[in-house]
Structure formats: structure tokens, C-alpha cells
């Protein structure tokens, strides 16, 4: 089987089992999934369903114990060594001893960019996340939402085509979250990146994604993959349209089906 | 400013005044029996106020009164030439030099060992348990032997004392620095991994800056320990010079006032050293964008 | 290439063994016959450590080779102290490298089995400590370092075994009289003072900065004054220990009593709980990690205080007394034996406090997490 030219992530029969003191935990079991170039893929499911683990396998932060996975047609390790993706964690994770611009510069310094190049990229990416003017601030001088935007800028700075986001807005309040979701969509449209996005909010998943992967726990597996036919241009009030609600209902059904399995 | 006065300065001042009052009361109580004895032999029966003053002015009191210590301290600090062997500045300088030498070497050594422990598994598993254990050992007991043995092979003066200070300051720095170098959370380490950062880059850009608060906290402990090491190191050398020597001399001749003012000198040196390390720490942390407390 | 890099200790050890051929025998006065078993052992260890695939087999070969060789090396020194040739040092370095390789192999073992894990956790540092003693013994013996400067561990051990009654009397005087009494009174007084300070915010605000300052001062300097006041016997040492342990306890308890969270305190308020009830049910348990921190710090401080105070004058018994007089007589083996006792006592004291801490603050993340 050859992966299509278009695919960025290709998982076949992927499994991951953790050994813990209490025995084995099947974090992922027989996951088959393709993420194509330019897609916005959300992973949704209750905690323990392996959505974060799957993202971490793509990022080579965890090693699978079964099956195969390729990123850009290579192993995750090779992809990581070529800096193929940017990763945004649940917490902003900015270095408190660096200003916002030095935080964005961090990956660029590590990857050996020239001084002028770093300056240009800081300017460009901070503009992209609407943080121009905050270059010299330290993280603690910014609100939670701004910190998370800075961490997105940090992930965008080195122009990886793939952006992996692990519940990036989970700790923020609903209003800030709506705002950031809107901005994220705009950013996605402008940069044409491929995005993998972990969430446990149904509206967030439906609003953002072109493809929604519904997962369920024990063992962590994919129960449904929903292709969204919503238009790419999405104002916030799209969330009241019947099309949106129909997809949300299907996601909810998928989640419920996964749950009834365990009891 | 008024808040700071009410919340901190006022209580501290009141408490200090209380301590001084207690000290006077103690001085009276402890010096009274000897004074009574003295007066009886002289066949005098002074009034209470006269008796009280006499207990505060004995040349070799059991517990010198605060003003006696203050006067002695003032005379021996400001009125004597710095090169005089009776000058407290001279003795404090001797002790300070070996303290600082030992502290500097000990800190460097502690940092190096910590870097080794964090990066080499074999060192972590074999050396780290010993470093932890050695913190529970009264290492200071080694001091007289180090001094005497080194003196036997002709090494005297600053080096043996500095060696004890090195030894005492090395452990807290090593332990604190290991903690500091390991303090970055998993998220930050994962982040460096997604950048495919080398060990070296992770060390310089993440571990080292993250360890700075830990380093300065342990350096405060280390500098205090270093001073104690230097003072104790001065005891067995026959008491030539330094704050420890001053203490020992005082105890030979029951010069309690001298001993107390030597103690005051030692305490001031300690407070200044700890404050200096704290100040440098604060400056460095502010330079690194630390949130003002 | 990488197999040599990974086993660089073994490769280097082999090189050292080969180099040592140029300087045989290992001690300068005959007795060259014993060197061949050493060489054979080391070569077998170096080669076996690289060639064998199984971790257990590699560890066993390295263990036997390194320790067998060094045992032969040490026994070759008997009656030939100070006559080591370069060959001796090269072979010693080779054995040490093999031991290092062994520690590296053992450290890399990741096991799920708890018992094996604990065994390894104890065995690896034990090996390190043993090699510290081995190298000490070999260097002192091989280079013929004067006894006064540094006695070999074997001599210290012999002295230790021969002086048990004296050592026991010293421990009794210093630890069971001065340290334990002073520690109990000092910690108790510090704790009570902290409770009093806690009742009066004013006191607390004044005591905390003063206590913090005093904790950094060289309090040990009061030792000669205490000896003058309370005489040569253990009471003066106990007084030093009391003063040294008082302030850490005070500061830590005051800090600990402030450690309970706002939410929990508000909860107690909703129950209309009184001061003492809140203290007993919430604030003291929350302060326990801090209190035990002080108890641990103080266990070391108490020993230091008592021993150093004895340098200023004692009856003719006590650990500090023994150290200072035997140093004066240049009986350094006795000093080392006394230091070994002090180290042992310090570790045991600390260990007991740490065990009590585990039992009391089992709920704290630092204990739960292992």
C-alpha cells in the first residue's frame, strides 16, 4: 500500500501499551488514520481515550508498540529531526526568563538561524498572532490568552508545515477561547498549514475542523471519522446553523457509542 | 512605606528592644552573685542602684551587658589600626579571606559535580546517594584533623581553612544545583525535544537558566556554612588570627567581653555575606525577567 | 566503531594492561609471579565485558575481574608498601575502569521488578563507596603515604574494632547525653515558641526575620561561652545544641503554620471551628512537612554543635574530645575511627527522623511520589 502524495500523517494498525505498576494500559489500539495536506483535524474524546497520546506519537514524544506511522512519508523520529512540525502544549510553557520575542526566538536559535532572519521571523509571527507591541514583555506580564498566542507564534516561527496542538485553549475561559478559535481559523487560512488539534469541546471541534476524529477509551481507539462539509469561511454564528448542529449531533452520538461500550 | 513599617520594621524593632532588655536582666542576674561576693570581701554594702551599675561594669563578667559589648566592638573595629592584631577588622578580614576562597572553589566544584550527575547516569546512581548521605554527617568534625595534618606537612595559613570551607560549601551547592538542573517541567523538556535540540542546547537554554533560583538559594546556605568552617578551622591552629582564634583566646583568659564582640563581628560578617549573595541573586533574577516579589 | 565507544572503559583498560607489560613486576622488590593472574583477570574482564551479550553475564565477568584483580594487587602490597611500580598503577587504573564499566552497565538496567530495583539502588552506591575505600587503600599503600597524613582504611577498621569500648563511651557521652537532650529541648522550645508567635501576629512578624537572620549566623561560636557557664560536662554541650536547634525549628514551624491553603481555612471557618480546633485538625498537619524539615536539619546541627563544643573543653570522654586529643597525639587512625562513628551516628539519626516523617506525612506528594 502506498500513501497518497497528499498525506502528511499515515497511521496503520497503530498501538501503544504502557506498562504501569497496576498492569498494562492500552493507550492506543489499532488506530488507522490519514491526515492530508492542508486539513484541520480535530481529535475529540473523553480523557484516557488516547487523543493526546496519538499526537505525541506523531511528534515522536512517545514510541508506538504496534503498527506503523509515517510523518511526511518518514518515521516520526526523522520528521522530528528535520523539524517537520510545531507543537503547542496545553499550557503556554513560555520560559519565564525570556521576553516574548526571545521565547519566539528560542526554536530559531536552536535551529541555527541567522540573527537578521530571527529578527524578521519574530516580527512576522508575532504579527500573525496579533502580539505586535508586546515583544519586550515577560510572559507573566501577559494574560493567559496572550501567553497561549505567544506559544503558537513560537510554534509557527520556523515554518513547519504541520502544527500539532494539544488542547491549547483548554485552560482559557469561553470568551477568550471563541476569540482565539476565530483567529486560529484565519491563521490556518493564511498559512495553509496542516493542523492536528486535540480538544474535548464538541463545538470547538466542529467549528474548527475539516475532519473530526472521535475516540473512546479502554482501549484508546478511533470510533468515528467525520468529514465536515462546512464552508472554509466560518463566522462565529455558523454555530447556530442546522448543518453545524447536525455534525455536532453526530459527534455526540459517536462519543456516546464509545461510552456505552465500557459500562 | 508605612505598611512596611507597621508590618515588619516595628515588630522587629520592638522584639529586638525586648531581647536587649532581657539581656540586661540576664546580665544582672548572672553577674550579681560574683559582685555580691566581691562586695562582701571588700566589706561594702552598696545601695541597689550602685550594685546594679557594678554588675554592668565588671571587667570579666559572666554575661557582659550589651553596652559593654557594643563599646568593646566599637573600639576594636573603628578606633584601632586595621593592621593591629587587636583590631576586629583585621581578624574578620583573615576569616573572610579563607571563607571566600573556600566558598568560591566549593561553589564551582558543586556546580561541576551537579552537571556531571545530571548528565551521566552512572554518576547519578553511584555518587548522588553519597552526596545526600554526606549531608547528614557532621563533616565539621574533620576540621581539626585537616588543619593539624596539613600543618604536619608544612601547609598552614589560608589553604587548610579554605579547604574546610570548600568542603562545607560544596555539598549544599551540589544538591541544590542537581535539583535546579532537574527543575524544568516535562513540558519544557518535551518542547526542546520537538525542536530536536541537542543536550548541549537544552543545557544552556533550559536547564541552566531554570536552575538559577536554586543555585542562589543554596549559595546562601553554602556561604554561611563556609564561614562556620573557617571559624572552626581557626580553633586548632593555636589560635593565631581570625574570629575563631579571637574566640578561643577569649575563652583561655575568660575575656567574655572580647568573646562576645568577636561573636558580633562573626555575625555581622555572616549577615553581610548572606545579604550579598541574596542581592546578587535578586539582581541576576531581575536581569532574567523575574517577577518582582 | 560505536561498540568501542560504548565500551571505552574496557578498551582503555586493555590498553593500560598492555602498557603495564613494559614496567613489570608490580612491586619493585621481586615477587613478580603474582602479576600474571592479575593481567589474565583484567584481559578476561575487558574482553568478556565487550564480547558477551547478556547483561547479567557481562556484570558477573566485570565484577569478578575488577575485584579479583584489585584484591591481588592489594595483597601484593603486603610487606612492600611504597614500592609500587608504574605497572602497579596502570593495572590499578585498569581494574578501576572495569569497575566503572560495571557501574555503567548496572546503571543502564531498567527493571519493572521492585525488588531488583531496590537491590540495584543500594548496590550501585555501595560499589562506589567500596571503590573509594579500595583506591584509598591502594594509593596509600602503593605510594607509601605516611601514616600520619592518611592512614589506610584497613588500619582505621582495625583501630575501630580494637577500640569499641572507648568509642561506645564517647557515643554515650556525646550523643545519648548532650545531643539527644539538647535536640529534644531545643526542638520542643522552638515549636512552642512558634505556636506562641502564631497566636500574636505582631510576634510572628518580628520573629520571622530575626529567626531567619539568626539561622545564618555562626551560632557555633557561643560554644566557648557555654563551656564557661555550664562547665565541662555534657550540660554545656546540650546548651549549645539547644540554641543551635531552636531557631531552625522556630522558623520552619512558623512558615509551616502559614502553609494551609485559603480554601481549607475558609472551610474551617464555615464550621465555626475555634483556633485550637483549626490548629489541631488543619494547620498542624499541613505544617508537618516543614516541621520535619527542621527536625532533619537539626539532627545534623545537633551533632555538629555537640562535637565542636567539645573542642573547647570536656571531661576525658566524648567524640569531640577524642578527635581533638588524638589529633594532637597524631593518632590519626583513631580520629578516622571516631569520624566513622560520627558519620554512622549522623546517618542513623537522620534515618530515624526520615522514617518518622514517612509515617506522619505519608500524604505529602514528595513522599507519595517516592
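Every chain is named by a letter (A, B and C) in the order it is written, and numbering of its residues begins at 1.
The rule we apply is simple: a residue touches a chain if its C-beta (ideal position, glycine included) is under 8 Å from a C-beta of that chain, and two chains touch if they have at least 3 such contacts.
Because the structure is predicted, anything quoted here is derived from the model rather than measured.
Number of steps on the shortest path from subunit A to subunit C, with steps defined by chain touch: 2. The most central chain, judged by C-alpha centres against the centre of all protein C-alpha atoms, is C. The chain pair with more C-beta contacts between its two chains, of B-C and A-B, is B-C. Distance from subunit A peaks, on a Cα-centroid basis, for B. In terms of their C-alpha centroids, the spacing between subunit A and subunit C amounts to 49 Å.
Note: centroid distance subunit B to subunit C, computed from Cα atoms, is 22 Å.
Mean C-alpha position of subunit A lies 53 Å from that of subunit B. The touching residues of subunit A, when paired with subunit B in their complex, are 59-61, 80-83, 85-87, 89-91, 93, 95-99, 106-107, 109-111, 138, 140. Those residues of subunit B that touch subunit A in the shared complex are 185, 187-188, 190-197, 201, 205-206, 209-210, 212, 288-291. Within the complex formed with subunit C, the residues of subunit B that make contact are 7-8, 11-16, 30, 62, 121-122, 124-130, 133, 135-138, 140-142, 144-145, 148-149, 152-153, 220, 224, 227-228, 231-232, 235-236, 243-244, 247-248, 250-251, 254, 256, 259-260, 262-263, 266-267, 270-271, 274. Contacts from subunit C toward subunit B in the complex involve residues 100, 103-104, 106-108, 120-121, 124-125, 127-129, 148-150, 202-207, 209-210, 213, 216-218, 220-222, 224-225, 227-229, 299-300, 303-304, 307-308, 311-313, 319-320, 323-324, 327-328, 330, 332, 335-336, 338-339, 342-343, 346-347, 349-351.
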